[in-house]
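One chain, subunit A, appears in both complexes that follow, with subunit B as partner in the first and subunit C in the second.
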Partner chain A sequence: MAIKRPKGSFLEKNLHIIFPLPAVVFVIVMMLFPVLYTLFLSFTNWNLTSGMPLSIVFLKSYQKVLREPRFIAALGRTFSFTALAVAVETILGMIVALILNREFRGKGFTKLIMLLPLVSTPVAIGIVFNLFYDPTIGLANFVLIRFGLPRQAWTGSAATVIPSLAIVDIWQWTPMIALILLSGLASLSSEPYESARVDGASEWQIFWRITLPMVTPTLLTALILRTIDALKTFDIIYAMTGGGPGYASETLNVMAFKYSFEYFRMGQASVILVFLFMLVLFMSLLIVRMRKSLEL
Partner chain B sequence: MRAALIRKILFFLVILAIVVPVLFPFLWMLTSSFKTQVDIVAWPPRLVFSPTLQNYERVFREQNFLKYFTNSSIIGISAVSLSLLMGLPAAYSIARYKQKRLSMFILIARLMPGISFLMPWYIIFSRLKLMDSYIALILSHMLITLPIIVWIMSSYFETIPIEMEESAMVDGATRQRAFLSVVLPIAGPGIVTSVTLAFIFSWNNFMFSQVLSMERTRTLPIAIYNFVSYAEVDWGAVMAAAVAIMAPAIILTMIFQKYVVKGLTMGAVKG
Partner chain C sequence: MAVCLVISLVPCKEAMMKSKLMLVILVVLTVLSVGAQQKEIRVLLANHPYGDLLKAAIPEYEKATGVKVNVESLQESQLTTKLTTEFATRSSTVDVFMTRPLQEAKMFYKNGWYEPLTDYDFSDYPKNALDVATFGNKAYLVPLVTEWEVLYYRVDLFKKAGLSVPTNFTELEMAAKKLNSADIAGFASRGKGAAAVTQLSSYVYNYGGTYLDKGKAVFNSKEALDAIRFYGKMLANYGPAGITNMSWENIMPLFQAGKVAMWTDASVFYGQIVDPTKSQIPAENVGIANFPAGPKGNTPYIVVSWGMAIAKQSKNKALAADFIKWATSKELAKRGMLANITMARNSAWKDSEVRAKIHPGLIATQEYAAKYGIPYDRPYMSAVGEARDLIGEVIIESINTGGASAKLESLAKDKVAAVNSLLEDTGEYGVY
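On to the complex of A and B.
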């Protein structure tokens, strides 16, 4: 602080502690404590329906869960869903951002339209897509048939359920990547472009040599944030398929939800959560690291 | 001259190719909400039909949607207000005292999977007989709204020149007084951004309410979800419900468009 005050009240001297205190206490009580409790439960075999008191079994629940083929499948599915959705969102988002990165009439309107998916209720969106995907009355099959393609079962078959769900995620979140990149592009200086044009570089070269490197920090942050959210995707999957058919669309989050609130196997549910938690924590630390290294 | 015109038309078509896929699910939802069940299950899908309001009538009269609407509003508004009360001072402190770690700590609450605190809450709230209570839902929704508010507001406070407070403090105001009467009044745009986004994300939340609420405090996303768990889906009513749920968030977004774009992209662009 630039100003030295001879006398300050207790509140003013400790403002940097007192101001954040309520928020910090809230987060500790509502988040940190529950997360630690989940960690503790993962070392127990607690089952709410059995009526038995919980007993500490150390790593037994971990062993049990890790030997469960359903868990391994869910882990793999969490990755493949995330990879598919985020890859398509990034590429499409980049293309859309490059197209929109110029002045034209109706730009504000276009940006407004792009905002709408981001603020839509995922459960409701999932249900709207269920109407599209409906095998008998859905528009999706109508379009396929019109183009002479065979009907698909969409979310109804194990083979197509993950891509079908990823389409919903892509529809909802590509605009976010595009908007983030768009504001990243808008903040770039025009100098390197001008000198590149003077040197006769092609648009393609300009994109790879100038635009992409300059927009990379923004792109990476957007990508990691999106990856974290995609790993946690719950609403659309739970609302559209409930993890089915069978377990064909069950991701870690959906599986943990079912283990806790449908089977009440709290011990094993906690183990699944610990894994999901570590995944997300790893990605979060990556963000922190990257922010630090890029700011240098 | 002609080449320029063709370019213009081509560009317009490209923009359409972006806008139409984004808009289409909304349009289909909206038109379906005015269709009878017969029109909805018709094959091929009908584009021309005589619109009806019966779906909306069913949703609001028979399904008690107004009550869930009220619940979602009570929970969203309370969670946002309490988060502002806690979040604004915290965000100010983070911005002015460069408390990077603190901001990361609160950001992690935004990144963690909600279910990793949901299970303990479920156990604790059951023990405290707080299941299906507004308190439980408001507290849980605050874990969505508080990080959004702190995150957006701390970046916003950083953009306010420190001289503003310093000149007030030279005149004898304390720092907390300077915060209340100098900083907050000019932080309006930031507050609008954070409140809009926080409210929308609370409004859309499904998982917390699905576990912690029952009939009394049920929110809209749960209501629409329960709609489709019946054997035969009443598509028209479901679409009307979907329109009703999304309308407030969409209207808010249209009003505060500029702010919403900023809020959603702010964290990332900072690098």
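On to the complex of A and C.
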């Protein structure tokens, strides 16, 4: 330091506390407190429609909510939506990354275009896709009919609503997986490839035996990020279907929203959120574990 | 203030620094004190035609009174969410807000979030509009907008098919059948579970049923189920594809695009249907008729869809009371009427300028509904959001099966039990 500050200055003495303080305060106020408060609420029967003050009921809300068929169904949907979306995103992302890993004209431009879905606002995406999916005046059915295919109800039918929503998620998030994988592919050394080619390996063998194993750590990182995010998907589903038709696209997050802000059962909504929190935590730990065991 | 405190904690030894700091503090304090002198209120409006009208008119109010009005506009369900969160956490700075009497008033009243309006002149309002604004012997909200269910229809398509406007459900079904084609849906009405509950209500009433009777759920009665089956059959056979995920915001664009021949919904949408910037259908081709009669007569709903209230937590109650008087005034009500918004004030409907300009179908259907209508379009209870979802399940089952579901009775019975337990939870069971 060029200028000597007087010793014993309050700032000087406590730099190690003061500098990280904003971050620590932020984490406590904006992250830790809400989680703990939700945990607290989940042990209460707080319900605004009754007009009664909240009282602590311990595990009663858990017993009620976790047994409800609607909750079990929402849990299943959360998984099926996540599995469908993330699986397709991973495969498509891999293909896109492999293509982009080659040299061709307009590569930079293609990468730029691919970023667009990532920076779009989910609710705006939802509104546009709703117009696109509209069974009567939407573009999707117009295209299907032009190709002689039957009309679809898309988000209008319980049978097709989850895949329709997954398509939106895939449209938005495949580029992210592709870009992460692309950075993984770019960092691979070329030596194994050269020797494989000398040994006469086919392109498929090269991908399967060399590229895939080498890019697996990156792939798993992308998977963790996407899985956690997809389990928590809310905005697209809420904006497009609100969990409908009926409850056919209601995931845990949407259900928790409805429980809190449409039914005003704050205590029971907290139960769902605590469960979702545990679920996401467990899934993340599982994938981190998997990643470690693969690296050994 | 926070800024000043943080700054003053930092020891600044140099005199220069100190004087600069003092200057900064002085400036900040001056700005703050000037800000405090300006009278302000915070008003939450809905994204509703009347909310938009108010927003545009507020500068006039600010100019006349010198009060600064901080306006926020929100979509209706987000408005409820925001108000609930702010009031429940006791952190609200809201002074005046738009509110949906049938959706949230019972709950808001119970939690003590409305300020009673003891100093307001309610003589210009119809009695059934005041019913939902009053708890005990005090009024808690000013009725703003009324809505009733009507039949919108395409005049040109009816003429082409040689049909007359249906006056009962049998004629409605025949007309829908005749007008339905691969390109145009003969009939539309909300199919999205909870959202459909309000528009289904007139069907239920005209079949002789109701949702709640004497504080108990009764929508599994034969009359109510007949209505739900008819509604399901109509939408399944003649409705647009994907109807179980459609509320008014999905049906209106279809009507505007000329893809729907008849549509039963709230009277409030007429202005938007004929708005030439949004609709491909010329205004003269859009007709408004009375809701068709059912086997038990014709008593469509007519409800106060929006009201305005003062927040109990408000610290500017005098300013808020003055604002609400202006925002619900006769003068603004007339302006609302001229913009095709169906206002609650009696005088607004008697004004000769209004009557000359507004669609005669709107005046005729309002007169009918005001005389014979029922002032509820949903189960009137605190837990109405959840009750609507439960009834919505029955509606969707009926639509999915074309009204022929064999398990509709048992499903409705389960849902009635669920709604009754909601009523019990909130102490409203059997209370009326």
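Basically, the second predicted complex is superposed on the first by the 265 of 296 C-alpha atoms of A that agree within 3 Å, B and C clash if a C-alpha of one lies under 4 Å from a C-alpha of the other, contacts with A are read in each partner's own complex, and residues count from 1 in each chain.
We take it that a contact is a pair of C-beta atoms (placed from the backbone, for glycine too) under 8 Å apart; a residue touches a chain by one contact, two chains touch by 3 or more.
A quick note: this is a predicted structure, and the numbers were derived from the prediction, not measured.
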Task: Superposed partners subunit B and subunit C on subunit A - clash or fit - done: clash
Open item on the list: So in the superposed three-chain picture, is A:F261 touching just subunit B, just subunit C, both, or none of them (first/second/both/neither)?
Closed with: both
Open item on the list: Between subunit B and subunit C, whom does A:G246 touch in the aligned arrangement: first, second, both, or neither?
Closed with: second
Open item on the list: For A:W171, using the defined touch cut-off, is the partner it touches subunit B, subunit C, both, or neither? Pick first, second, both or neither.
Closed with: first
- [ ] Check the residue A:S9 against both partner chains and state whether it touches subunit B (first), subunit C (second), both, or neither.
- [x] both
- [ ] Identify the partner contact of A:S157: answer first if only subunit B is touched, second if only subunit C is, both if each is, neither if none is.
- [x] second
- [ ] Please indicate which partner A:G51 is in contact with in the superposed arrangement: first for subunit B, second for subunit C, both, or neither.
- [x] second
TODO: Would you check which partner chain A:I137 touches, where first means subunit B only, second means subunit C only, and both and neither mean what they say?
DONE: both
TODO: Could you list which residues of subunit A make contact with subunit B in one structure and with subunit C in the other?
DONE: 9, 11, 130, 136-137, 261, 266
Open item on the list: Could you list, by residue number, the parts of subunit A that touch subunit C in their complex?
Closed with: 6, 9-11, 47-51, 130, 134-137, 151, 153-158, 161, 241-242, 244-247, 258, 261-266
TODO: Please give the residue numbers of subunit C that touch subunit A in the complex, ascending.
DONE: 10-11, 13, 77, 80-81, 84-85, 88, 107, 110-112, 185, 191-193, 240-246, 250, 253-254, 257, 259, 382-383, 385-386, 389, 392-393, 396, 422, 425-427
Task: subunit A-touching residues of subunit B, taken from the complex the two chains share - done: 11, 14-15, 18-19, 21-23, 25-26, 28-29, 32, 40-45, 85-87, 89-90, 92-94, 96-97, 99, 102, 104-109, 111-124, 139-140, 142-143, 146, 150, 162, 166, 169-170, 174-176, 200, 203-204, 206-207, 211, 220-221, 224-225, 228, 235, 238-239, 241-242, 245-246, 249-250, 252-254, 257, 260-261, 264-265, 267-269, 271
Task: subunit A residues within the subunit B interface of the complex - done: 2-3, 5, 8-9, 11-12, 15-16, 18-20, 22-24, 26-27, 30-31, 33-35, 37-38, 41, 96, 99-100, 104, 106, 108, 110-125, 127-132, 136-137, 139, 142, 171, 175-176, 179-180, 182-184, 187, 217-218, 221-222, 225, 228, 231-232, 234-235, 238-239, 253, 256-257, 260-261, 266, 269-270, 273, 276-277, 280-281, 283-284, 287-288, 291, 294-295
